[in-house]
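In what comes next, chain A is part of two complexes: it sits with chain B in the first one and with chain C in the second one.
Showing the complex of A and B:
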């Protein structure tokens, strides 16, 4: 019982929750505005992780700087995918309908390619490095610097995005596209620009998440898939395309996972996560934080 | 005759292999109410969407204020003063009334002075002021239509395209929408109205076009079409 109420436990839950929220944020943005089911989202996390690893191993560049490099790299990938693959298809309504349905398979292909390219280039050996892993104790809670940094950056990006969507005119346009794509065009939102910037931003956020993950976990070419799954679980719990709710759901999943495991055993991790997922689908398929509105 | 505000010539459009518009020609004079009437599936909504840039025509030309806008993207059309009030209203359900209205002024040309415009819209539709912080998705169909109209006005349009504004509304709301259209006309707005409710539309139209199967079958002053035996028999049930 003491462990359950300890700050230690809460800290662990918040760290994993913030990462889930961050990974899901990018997926949710891309799904919401472009209606693309990016099954390769977790592989962007992998790319971000390798970026941080090679930057520190080869050039002794600390991950805090690699954050920017990984974000830029993934944003560039987003740009390439959008311009090279989706722009022409999304421009034509009859093709756009099929793009949405086919995106799962298209991105599955991209995922396989990325994983195998990474395996070819870097081999499938797990890699890792040490960064800010000294223990800091504050108010009886022991934390490593890298986890504290993870929580700080992930939470800052998540809440920064929410504030941006709430208060910036471009953020309003983005929400308009998520809620009603055609109506957004009707009021004069530049759809092309919103979509391009969103896919770049969504991909960049996944890259950032990868850098954060690499500070505390082992890196392999196939590490991405579990992140894709968790991200899908999170955005379905929160409500597809509902950005704020997705962030909240990410933190909830972290809490449920950490406290659930503490109460049962680590063997129950998958049961807890998927149990929550299936439970939400059965009881509130529109997402637990989604308000009921007439369209 | 002066150059019309909007001039459409030879407009064709298709959904996949199905052609829905065949060489449609019409004009909208500045300061007038022009109406497109016709049965369901005659092509009214497709014309409206082509004008707003939501459907790409396969052929033909759309000129607005003397400029060829056939290939111009939708957000640029809004910015140049062409504003669609879409069929089904399409408000943003998860946003408040006020946010919906402010989004109406997202085009750069409408941004300056949009607070004053918001006050004007609230004066025109006091109901919207009362409900400014309510979620748009929780309002009735008639209120949503008022909101869609208000949102359109926020863009400071030179031409308002109204696509089936009375569709699915209760009779009392239908009356109110038409009253609003008259008010807007009297305030100097130019309106292109696509409407199934042919009688009322023809009564208030300066000029009318009757669409049948994607073609203009008949055109003339509203009163003239209203008196035409063919129109009376087929569309007015008289």
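Showing the complex of A and C:
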């Protein structure tokens, strides 16, 4: 029981949760505004991780700076994908109706291309680097610097995004597009601009998550897929397209995973996560936090 | 002048034609086929095997080619395909290599499942292949004949040897954390009775899924149990996680083992001095004076790829090619004669002498390595060790 109530467990749950929330945030933004099912989302995490690795290995640039570079790189990719693939599709109503199903196939293709390009360019060899791994102890809780940084940056981006959506005019427009796409256009929201900036933002957030992940995990061209799965689990638990609920669901998943394992056994991890996922789909398919956030 | 000029031209032409034909004959390459996991779940592990293949090919070709029994040397060409980490693809690819690509020799794919799937194919087509990156007690059930396994990292022998090593280092209590993947679980199933036999008490015994993202609860349990040894039966991905979080929680056991992962170059780069003192599974070290070819391989690998070879998979992959090379020099390319040469021969490799009895290498002893000052030192068994075991001093 002492272990369960320890700050150490809470810290672990918050680090996992913040990372899940961050990875899912980008996916949710893109799905909410553009109705695109981005199966390649985890591969953007991989691009962010490689950006951090090469920046520190070749130019001794610390990951804290690489966050900006990775975000810019992934945002650029988002721009290219939107302008090159989806803008025209989304503009035509008859094509836009099928965009959700088509995007799944298109992004699957993009995922395969990104993985293989990374394998060609960097080889499949595992990569890793050392950064901020000094252990800080506060109130009996031991924290490595890189995990503390992960928690700080992921939480700041998640809650910063929620505040932005709540209080900034562009955020209102974005939420309007998520909730009533046609009505948002009628009241003057520039749909094209919102969509473009959201896909760039969603991709950038995944790149940032990749930089954070790279500080503690091995980097390979095929590391992204588990993050895609986690992101989908989180946004379905929270409610598809519901940004605030997705962030809450990410933290919730971190708590369920960490405390669930402590109460049962590590072998139950998948049962806990997917049990929650299936339970939500059966009982509240619209997402557990949807109503609470909207009210 | 016209006559003699014509004559000279004709003579020159004839000489040139003979030389070209001769050159074409001499340059006729020996093809070696293999499949490898360039994509899919094993892709990150495969370069540690394919890089030694490429290095070996480069070295052999630089010497004029692969030597045949008559002293002739022919360049080596690889024919390789991506098996997408799928054993069913491995089977199809090797059938294609043998029947359609008509390769002269075969090299091994990556991983135990691929080797096991391939054994009946080799038997059917009567094509010999020296395996490498496979380790399981199931390998002993493979019918001997056309496949051989140079590894000595077989879980039952490893369990017994690790228990002996831990006993020798004064370990009385141990915490076991095991990935749920087959190799870790197989090792765990042999380690537990071996520990009991030497009187080492298991105070923590947890298994975790391969996609584990946080080990805090397990490691808090380990920290509270304060065992003399922590044996983490990791795969590469979770070996990074284990090291990072054991460091965070200040696990103080003097004996810390991480099964697969620490011998990868990236692991030491990611963990720096924190990796020092970690024991891992491998039976080769470039530091061994008894195996002088080992250091040359290590240096050539670093020069070629800019990183250190994996002490387990890279060493095994290179050994398998050395065995093939020596067997071809003895027996040539006829599969049946070559099979006999591999089955009965004794080979000089970077890991010392290798000889097979059935499918298994019966010379190389089962060993364990430890990272000391960033280097991979062989610390067990006594007979071949390159350094003494040093208790882990913090992270």
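Just so we're on the same page, the second predicted complex is superposed on the first by the 291 of 295 C-alpha atoms of A that agree within 3 Å, B and C clash if a C-alpha of one lies under 4 Å from a C-alpha of the other, contacts with A are read in each partner's own complex, and residues count from 1 in each chain.
Convention: a contact is a pair of C-beta atoms (placed from the backbone, for glycine too) under 8 Å apart; a residue touches a chain by one contact, two chains touch by 3 or more.
Note that the structure is predicted; figures quoted are calculated from it, not measured.
Chemist: Report the partner of chain A that touches more of its residues: chain B or chain C.
Modeler: C
Chemist: For A:8, is the partner it touches chain B (first), chain C (second), both, or none of the two (neither)?
Modeler: After superposition on chain A, A:8 lies in contact with chain C alone.
Chemist: Applying the document's definition of touch, where does A:35 land relative to chain B and chain C: first, second, both, or neither?
Modeler: neither
Chemist: Look at A:173 in the shared chain and tell me whether it touches chain B only, chain C only, both, or neither; answer first, second, both or neither.
Modeler: Touch partner of A:173: chain B, not chain C.
Chemist: Classify the contacts of A:119 with the two partner chains as first (chain B alone), second (chain C alone), both, or neither.
Modeler: A:119 contacts chain C only, not chain B.
Chemist: If you stack the two complexes on chain A, which partner ends up touching A:218: first (chain B), second (chain C), both, or neither?
Modeler: The answer is second: A:218 touches chain C but not chain B.
Chemist: What residues on chain A does chain C touch that chain B touches too?
Modeler: Correct list for chain A: none, the interfaces share no residue.
Chemist: Within their complex, state which residues of chain B touch chain A.
Modeler: Spelled out, the residues of chain B in touch with chain A are 15-16, 52-56, 73-75, 78-79, 83-84, 86, 90-95, 99, 102-104, 106-107, 110, 135-139, 151, 155.
Chemist: Quick check: in the complex, which residue numbers of chain C touch chain A?
Modeler: 38-41, 43-44, 46-48, 51, 180, 206-209, 211-218, 220-221, 224, 236-237, 240-241, 244, 247-250, 264-267, 269-272, 274, 307, 395
Chemist: Considering the complex alone, what residue numbers of chain A touch chain B?
Modeler: 92-94, 169, 172-173, 175-176, 179-180, 182-183, 185-192, 291, 293-295
Chemist: Can you tell me which positions in chain A touch chain C when the two form their complex?
Modeler: 3, 6, 8-9, 11-12, 15-16, 115-116, 119, 123-130, 133, 135, 142-144, 146-147, 216-222, 226, 257-258, 261-262, 265-267, 269-270
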